[in-house]
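Below, subunit A partners subunit B and then partners subunit C, in two separate complexes.
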Partner chain A sequence: MASIMIVLAIFAPILAPNDPNKIDVMNSLNQSSSEFPLGTDQLGRCIFSRLLYGARTSLTVTAMVLVVTITIGTLVGTLSGIFSDRLIDKLFTALCEVLLAFPGILFALVIAGMLGPGVLNIMIAIAIVSWAKYARVIRGLVIGTKNADYVKAARVAGTNHLHMITWHILPNIKNTIGTLIVTDIGSTILTISGLSFIGLGAQASEAEWGMMINEARMYIIKSPQMILYPIVTIIIVVLAFNLIGDALASNEELEGL
Partner chain B sequence: MEALVKMNKVTKIYKKTNPGLRKNSVNNIAVDDISFAIARGEIFGLIGESGCGKTTLVNLMLGLIKPDRGEIVIDTVDITKLKSNREFLPIRKRMQAVFQNSSSSLNPQMTLKKIITEPLKNFHLPEQGVAEELLEDVGLSASWILRKPAQLSGGQRQRVSIARALALKPDFIILDEATSNLDVITSKQIIDLLKKLNDKYKMMMLFISHDIGVVDDFCHRKAIMKNGEILEIVKQFGPPENHHPYTQKLLQARLHI
Partner chain C sequence: MIKYISKKILYAFLVLLGVSILTFMMGRIAPGDPVDTLLSNSQNPTLEERQEAEEYLGLNQPWTVQYFNWTADIIKGDFGNSYKTNQPVLHEFMVRLPSTLLLTCGATIVMLLIGFPLGIASALKKGKILDVGISLCNTIAISIPSFCLGILLILVFGVNLKILPVMGMGGFKHLVLPSLSIGIIAGAGLARLIRIQMLSVIKMNHVTAAKVFGVSNYRIVKNHMLKNALPPIITSIGLMIGGLLGGSAIIETLFAWPGAGGFLVDAIYGRDYPVIQAYALIMAGIYMLINILVDFIYGILIPTKWLSGDKNENKKDTVDSRDSVGLNHDRSGDICTDSGTE
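Entry: the complex of A and B
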């Protein structure tokens, strides 16, 4: 399901039957038809086309947020783990503790509020809030791996810190980091949609699932399918990624036995 | 014979701080005022029960940890005075180690070729054909160079660890319980291999074990260790009554098994 959604997002311009932003008030709040498979919204825009383009926005923003957070988290966590108990580790650990002490979503709201609405700004807000969690987990993984005998043997063989990280530590924790990323895709999609829903993310003209729910709430009685489709889409996509994450995590546990 | 490694009144104390508001710290003396010397080409055995400080002694000799007191002289260099990894590098080239757990002492992501040639890469030495030659030296097929550790048995993995340790043609090898996790037949094969390699390369070996029988058979001199202290060093075990009471217990236990 998750891969279908990724394919749909990539090929949205080909698969979408209509322009997602084309306003046609004469056709507003229409039911499903051959021209508009899932009907139209209050401005007569095709809901199906907007869902497809919304997938592009949600998945692209999620991917970019995760790339940024995992890069910062890996860098900080690895340095902290390699130099554990040194000053650099204490500083990074203190910084992570401070960031993790804030309720994430509220902190993201404050940052997004300060930076102003927009997809780029919510990406920055979520990245600032999320990297510390990765850094802490990766620090623990690095400390666990660096005590393995093969790392000790590599130290004895004269391997330097950079090669220790690139040859021995990262290759052995990459699967766990991958599982962590996939497990977080669902919650990141929800956060992005949540911020867009309250008006801090995508702008009204942009096709984005959270924004679509926000616009549809005024028409919940008159045209319930308008709010139903983006909600169902979010549930299916988040569920699919969470299930993949769970399967990967179970696989990791089995490999660890 | 000329001493290659000299331990002179070496002491290592681990400070354990109790968690909680009253952070009492307890000193655990892992290695207590130990002195001995090992000659070039000699096979020196170290026998002691679990927790007696054998591994701490190995880590001290390998420069992985610093002693609280005393000096560790390798040839003419006191390694306790070396401050950086860079200063330690020429000594690293001369000493290698084989660890107890064959399954955790080889990086599971690397091929045998990469594992064996890693020390050569670190010192920018030629790698051509070395892995194949060393695999044959330790009784494995040269055609296995692209295999990964998971494809080998415990004994085969230990042979690969030995091959890696030989790659730099070191002056001495520390074998930290290198046969403890192996079955009797494989253990005997590894001991025979080590004898052959000692004859061929004339390298000093420090063989650490809790099995007095194996040490007695394999080593030129034997040291008995308990609670961080060396109780006695002997060339040959005589009648039990001629030894320290703890050695007597070890010898009697050996007779009864």
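Entry: the complex of A and C
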């Protein structure tokens, strides 16, 4: 299901029956027809095409947020894991504590609010908020691996830090990190759509699920299907990623961690 | 006991300090020049006028001095005036805060009512059809964004059945839909957590022993399992309530609920920075307060906690429960993201 969604998002320009931004006021709020599979919105734009393009927006933004957070998180986590109990570790840990001691979405809201609306800004906001969690988990993993015998052996053999991190430590924890990423895809999509819903993320002209739901709110009585389709899409996509994440987590025996 | 609580308070204070530094820095890097905002009335302000304005705002001083002045004002309760209404921010906030707290209380009650029965039931019937059913429902529920659930509830109860109001704040009826939209999702997340914690307890020797002695199921669950499973659950509930508080911003916008979250969203549109900063700080304060309160309850339930004020043990507990929240409940959407990131 999730992979189908990714394929759909990549091939959106080919698959979409209509231009997602083509405004045709004469055809507004239509029911589904052969031309518009899921009907049209208040400006006569094809809902199906917009959903497809929305998948692109949501998935790219999610991917970019996760890449940024995981990079920062791994960097900081490994550094403070390797140099645990030195000043650099204490500083990073304190920073993480402050970031983690505060509800994430609230913080994301505040940062996005300070920076102003826009997709880029919510990406920055979510990244600032969520890297700390990875950093802490990875720090724990690194410390755990660091004390394994083979790493100690490598150390005795005179391996330098960089070599040790890239060849001995990271390969060992990469599966766990991968699982963490997958379990987070769903929640990231939810946060993005939530911020877009209140108008902080994608702007009106862009096709984004949260934004579509927000626009469709005005027409909830006249054409409820317009609001139902994006809602169902979000739920299916997030559910798909969450199920994958659950399966991976129980494989990795992270469930009860 | 006093040592334990004071340690917690000190920690909360340090976090607040960190949050205040972050908020202050964000206020400085945010786009838009406060001098321009202040001088927006006069056309073509001269250089002197600009300098005067800078002095008035204290911008000519170094950052550290600015920060200390700012913090000193805040401790005195002066969060500055809203750019939009020119009223003191704190006052405007206090007017709206009770409705947000009311909504959070409603959502918390829904969350507890859903989380405990479902979590316990599915743990006791592990692997049976009931457990599979409940777990599936929970996974679906945490995949729904709260605002989507809110809209679905509006469609069913407001538009089709016309039995519940969907806008604004009034009697008890107004509270039902917003509380449900936040509470159901958080409840599903809580149920998942409780299930895992209960499962880890169910295998313990003393539970098996109680079964062998023929203790009734109800008493086993209440006295032998819940009591042991509760500590991490309580910690997570505290974190989740904080999440509900933050997640309410979106739901407040949807239901036109006159609370602090909706106020924040308005402020974001109006670029009303003092309001945004005040929101961050006040919410962080409330959040810390909730956590201290939860720790207090924790200590009453498990009195040995008072004695073990030693840092490592506390740390271990919080990290454990945080991780389980992070990994398992983080997907419960806007609401539980927060509890997750804790």
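In the analysis below, the second predicted complex is superposed on the first by the 253 of 257 C-alpha atoms of A that agree within 3 Å, B and C clash if a C-alpha of one lies under 4 Å from a C-alpha of the other, contacts with A are read in each partner's own complex, and residues count from 1 in each chain.
In the analysis below, a contact is a pair of C-beta atoms (placed from the backbone, for glycine too) under 8 Å apart; a residue touches a chain by one contact, two chains touch by 3 or more.
As the structure is a prediction and not an experimental result, all values here were calculated from the model.
After overlaying the two complexes on the shared chain, residue contacts for A:Gly199 are found with subunit C alone; subunit B is out of touch.
Annotation for subunit A, partner touching more residues between subunit B and subunit C: C. Applying the stated contact rule after C-alpha superposition, one finds that A:Leu87 touches neither subunit B nor subunit C.
In the superposition on chain A, contact of A:Leu180 is made with subunit C only, not with subunit B. By the touch criterion defined above, A:Leu162 reaches neither subunit B nor subunit C.
Look at A:Val137: by the touch rule set out above, it reaches subunit C but stays clear of subunit B.
Residue contacts after overlaying the shared chain place A:Phe102 against subunit C, while subunit B stays out of touching range. By the touch criterion given at the top, residues 14-15, 18-19, 22-23, 26-27, 29-31, 139-140, 142-148, 151-152, 154-155, 159, 196, 199-200, 242-243, 245-247, 249-250, 253-254, 264-265, 267-269, 271, 273, 276, 279-280, 283-284, 287-288, 322-324, 326-328, 330-342 of subunit C touch subunit A in their complex. Chain contact summary for the complex, subunit A toward subunit B: residues 148-150, 152-160, 163, 167-168, 171-172.
On subunit A, the positions that touch subunit C within their shared complex are 94-95, 97-107, 109-117, 129-130, 132-133, 137, 180, 183-184, 186-187, 190-191, 193-194, 197-200, 210, 213, 217, 220-221, 224, 227-228, 231, 234-235, 238-239, 242-243, 245-246, 249, 254-257.
Taken in their complex, subunit B has these residues touching subunit A: 62, 64, 85, 89, 92-93, 95-97, 99-101, 104-110, 118-119, 122-123, 161, 164, 167-168.
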